[in-house]
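Quick heads-up: structures coming right below.
One chain, chain A, links the two complexes that follow: it is found with chain B in the first and with chain C in the second.
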Partner chain A sequence: MGNAVAKNAEFVKRQAIATARIQEKFSEGRQFLTDALGEPILWAKSLMDAFDLIQLLRADDVLKFDFLSDITAYDNVDGKDGAKRFVMVYQILSTTTHVRLRLKLAVDLGEEPTSWTSLWPGANWLEREVFDMYGIKFKGHPNLRRILMDERFVGHPLRKEYPLKQRQPFPDNVPLHLGPHPLPTKNT
Partner chain B sequence: MSKDGSAMIYPSLLAEAVKWARKNSLWPMPYGTSCCGIELMSTLSSTYDLSRFGAEVVRFSPRQADMLIVAGTITTKMAPVLRSIYEQILEPKWVISMGACASSGNGIFDTYSVLPGIDEIIPVDVYVPGCPPIPEGLIHAILHLQKVIEKNIERTPAVKPTYEDAMNAMTYSKCAQAAVVKSAYIVTKDGVAQNPAGQNPIDCNLGGNQNGKCCC
Partner chain C sequence: MGKDDINQWDPSLDGKNLTDFYNPNVLINIGPAHPAMHGTLRVMCRINGETIEDAACEIGYLHRAMEKLGENKTYHQWIVYTDRMNYCSALNNNIAYCMTVENLMSISVTERCMWLRMMLMELSRIIDHIICVAINALDMGAMTVFWLMYHWREEAYTMIESLCGMRLITTATRVGGMVHDIPDDFIPRMKKFVKEFPSCLREVHGLLTGNRIWIDRTKGVGKLSKEDALKYSITGPCLRASGIDLDLRRDRPYYAYNEVKFDVAIGTYGDVFDRYLVRMEEMKQSVRIIEQCIERLPGGPIWVDDPRVRIPDKIDVYTKMEVLIHHFKIFMEGIDVPPGEVYSAVEGPNGELGFYIVSRGGPKAWRMRVKAPSFMLFQSFEHSVVGDKIPDAISALGSVNIIAGELDR
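Let's turn to the complex of A and B:
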């Protein structure tokens, strides 16, 4: 491992402690892996399990996961990671030990994972981005509408079925508004 | 005008004077959306010093600018904004498309979200190649634009090669290149784009082919 992070002996020790803790306490019935840098990857069993699991991980005294780095997803259309269509990826960081955890959750078309906005308010925009790119809807999200693409855009561009070069230009932009999803109708 | 009101500048010379004034005071409106914007800043700062060519007064209001420099990737969501900024610039106005992204959408960004060149929505006077172009490239574009203004050269639309043309241009086959050159404009020393009708600069017969047909 030639990585500068991996050379840090203190960090490697902390990461080993955290990995052992996750494996001992949380990996029962779940798939547990480590990547090339030794970062732990944990697969949640089901949609409800992911939400329960993150609450337990958050409350754990040893792990101290308190920071949500990123929420993203990928299209599992070739079925390499299970039978379900999408895989959600949650990147969680502990700001005290600097150990990262990657929590993965398989989501099928039409399934609605629970929104994490009640745990981290920052999950709001991250989940909106996942919705915009993949069309995964989140249960309990306060304002689930597109964040990057235009609100009149049809389809979800990072799905594999979307044609890569199919542009959807519009002659004007939707004015900035903070309201909910069907956008306000134009009066003029 | 002299003090008694008699004209000292003849009208025919006035047009020349206006032309001279316009070409030496091209106030730019920068539209830098990515790394070309950094190169644009470098061109404006002391080492390259764009003020030597009269184009140093950067105006962030389109109503005070003469020249729009689009430096960077334009997404389809940004396109209406660029269009409205172009429409706010007062006539006469010129547009420089700086870099591969603004000129053609840059091959690596050929996706659902990126505009394939700003000439889809606004007319462009000068294209600057490069990713990003060196500051000398932008200075050359401004000097070319001064030439365009001085000589009243009509704006010619860009000749966009097809996908086959682009692929042929990358091969070493002379005949494939000849097909491309035939359809392209040639820029002469004066900066005028010309299309030599019926001329084929690359002669296929030199390739040792006896039939006079194209060797491929």
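Let's turn to the complex of A and C:
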């Protein structure tokens, strides 16, 4: 643990209380870990469980998780984190206790986790990025299309099988048009 | 009206509508190559007269696959990429990234390195806020502010140049230390800077804060309420301008931020004027922190004494064989980071700048995630401009300080 750790006594106390609370109330049947900085990580059991869990965590009046820091994913093609292909990573924070929690969820190819846009509208772009980079689709997302890559791009660049130097240059932009936006869902 | 309404129009009516002078649904495209769209941002607005009824942002014009590169370069090689994210405050990115890798390896940097890093982070915060306030004023036609403030940005860059030889893209840190210790004249120069820079802030306050035109252009513009700020997960000065008291330097103090005294500026309305005031106050507080860092900067080594990461001194590399081999191993193979994962974030000038690294062991990261504040800010932008006028969109965009480099990564 480096010296970049939050070390004022008050925060350490708050973090201990929150960690104990998570362990006591939410870790039953779920895997509970801490990372290199001692911050809590909670693995959701299933796709359904992840969405239920976050609603419980949000409603908990000790933890008060009210802020979504980040949504991302990583490729688990080497199987170190279970049999499923991807791991979704949700970083949540409380603006009152300042404790972080990392919620993890294993997602297989073709599985669709529930979108968090109904809880935090800010999840919209984050989930679009996950879709763009890994091809994970989200159930109930209002506008799931590519965000960083061009809509004509084929493949999902952050998957491990996508070669680093496989470029797809597009000499011209997509012409402006009204009407439904073409959803590039045929790319898997 | 939702954004989807654009998509549900009948395209056959389009030609007819354009001839209609009072068409309430005109689309206007701003950017990506528009001088007021800092960098490569693109906003599509549906306007009714001058009022924006709906806005949608498109990003990705500066996408350089940073995260993919992070999985394919060694930890050291990737430091240069962090410069190219928020290029207005590259030092902050360097330090935040190296701090994350150090956390993953359980390395504590030396006291001197820690205080120096804090000082540099505050200096780059000042630079970033100068850019934001000055360019925001410039976009609205107040050019004097730009000249006044950029003089100090120039001075700050000259100091950074004396530190590491580069101005904008610094690459000043290494995992476990800094590329160089500070030169002899750095501290006297910094003392002069913190002594004289507040006069510039007073001048800018005199020019803008009570200025009728500035108030009219900024008050009530680009408003983001407290609830919306939380919903859209924005961070940094914009979150504080909306009235939420969250500053990672105070609330989750990394390095020695729990030992320095500073105040956190909070706004009320979350409009452009509040963001401007919050940024002005933060510059003042940064000066305060730098003063304390100068006072408390200890002597001693800048490098942590850990053979896993310590880059040997050049003189030893050229004269001792073992050291040469060690040097070679660090640069050809890379440093060996143990398996594990960590998310660590600093309070960057624009908000929470976090790095999430998943390591499976070895010299390369398995997953390198950058949580950039601009990404969430730009998302909230398309909601905060609704109801404003076109020129207000320009001032609102300037006030949130989107940096395309970290937006698209």
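In this section, the second predicted complex is superposed on the first by the 170 of 188 C-alpha atoms of A that agree within 3 Å, B and C clash if a C-alpha of one lies under 4 Å from a C-alpha of the other, contacts with A are read in each partner's own complex, and residues count from 1 in each chain.
Note that a residue touches a chain if its C-beta (ideal position, glycine included) is under 8 Å from a C-beta of that chain, and two chains touch if they have at least 3 such contacts.
Here the structure is a predicted model, which means the values were calculated and not measured.
> Between chain B (first) and chain C (second), which does A:124 come into contact with in this model arrangement: first, second, both, or neither?
Second partner only.
> Examine A:149 and indicate which partner it touches, taking first as chain B and second as chain C; both and neither are also allowed.
both
> According to the stated criteria, A:164 is in contact with first (chain B), second (chain C), both, or neither; which is it?
In the superposition, A:164 touches chain B and chain C alike.
> Have a look at where A:172 lands relative to chain B and chain C in the superposition and call it first, second, both or neither.
first
> Return the chain, chain B or chain C, that is in touch with more residues of chain A.
Residues of chain A touched, chain B against chain C: more for C.
> A:78 contacts which: chain B (first), chain C (second), both, neither?
A:78 sits against chain C, while chain B stays out of touch.
> Can you give me the overlap between the chain B contact set and the chain C contact set on chain A?
149-150, 157, 162, 164
> Quick one: which bits of chain B touch chain A in the complex? Just the residue numbers, please.
76-77, 79-81, 110-113, 115-116
> Quick one: which bits of chain A touch chain B in the complex? Just the residue numbers, please.
For this pair, the touching residues of chain A are 149-150, 157, 162-173.
> So in the complex, the part of chain A that touches chain C is made up of which residues?
Within the complex, chain A touches chain C at residues 1-8, 11, 35-37, 39, 41, 66-70, 72, 74-75, 78, 80, 89, 91, 95, 98, 100, 102, 120-122, 124-126, 129, 133, 142-143, 146-150, 157-158, 162, 164, 176-181.
> So in the complex, which bits of chain C are touching chain A?
Interface residues on the chain C side: 3-4, 6-7, 9, 11, 14, 27, 29, 59-60, 63, 65, 67-69, 71-72, 99, 102-109, 114, 230-234, 244-246, 248, 251-255, 258, 340-345, 352, 354, 356, 358, 360, 366-367, 369, 371, 375-376, 379-380, 408-409.
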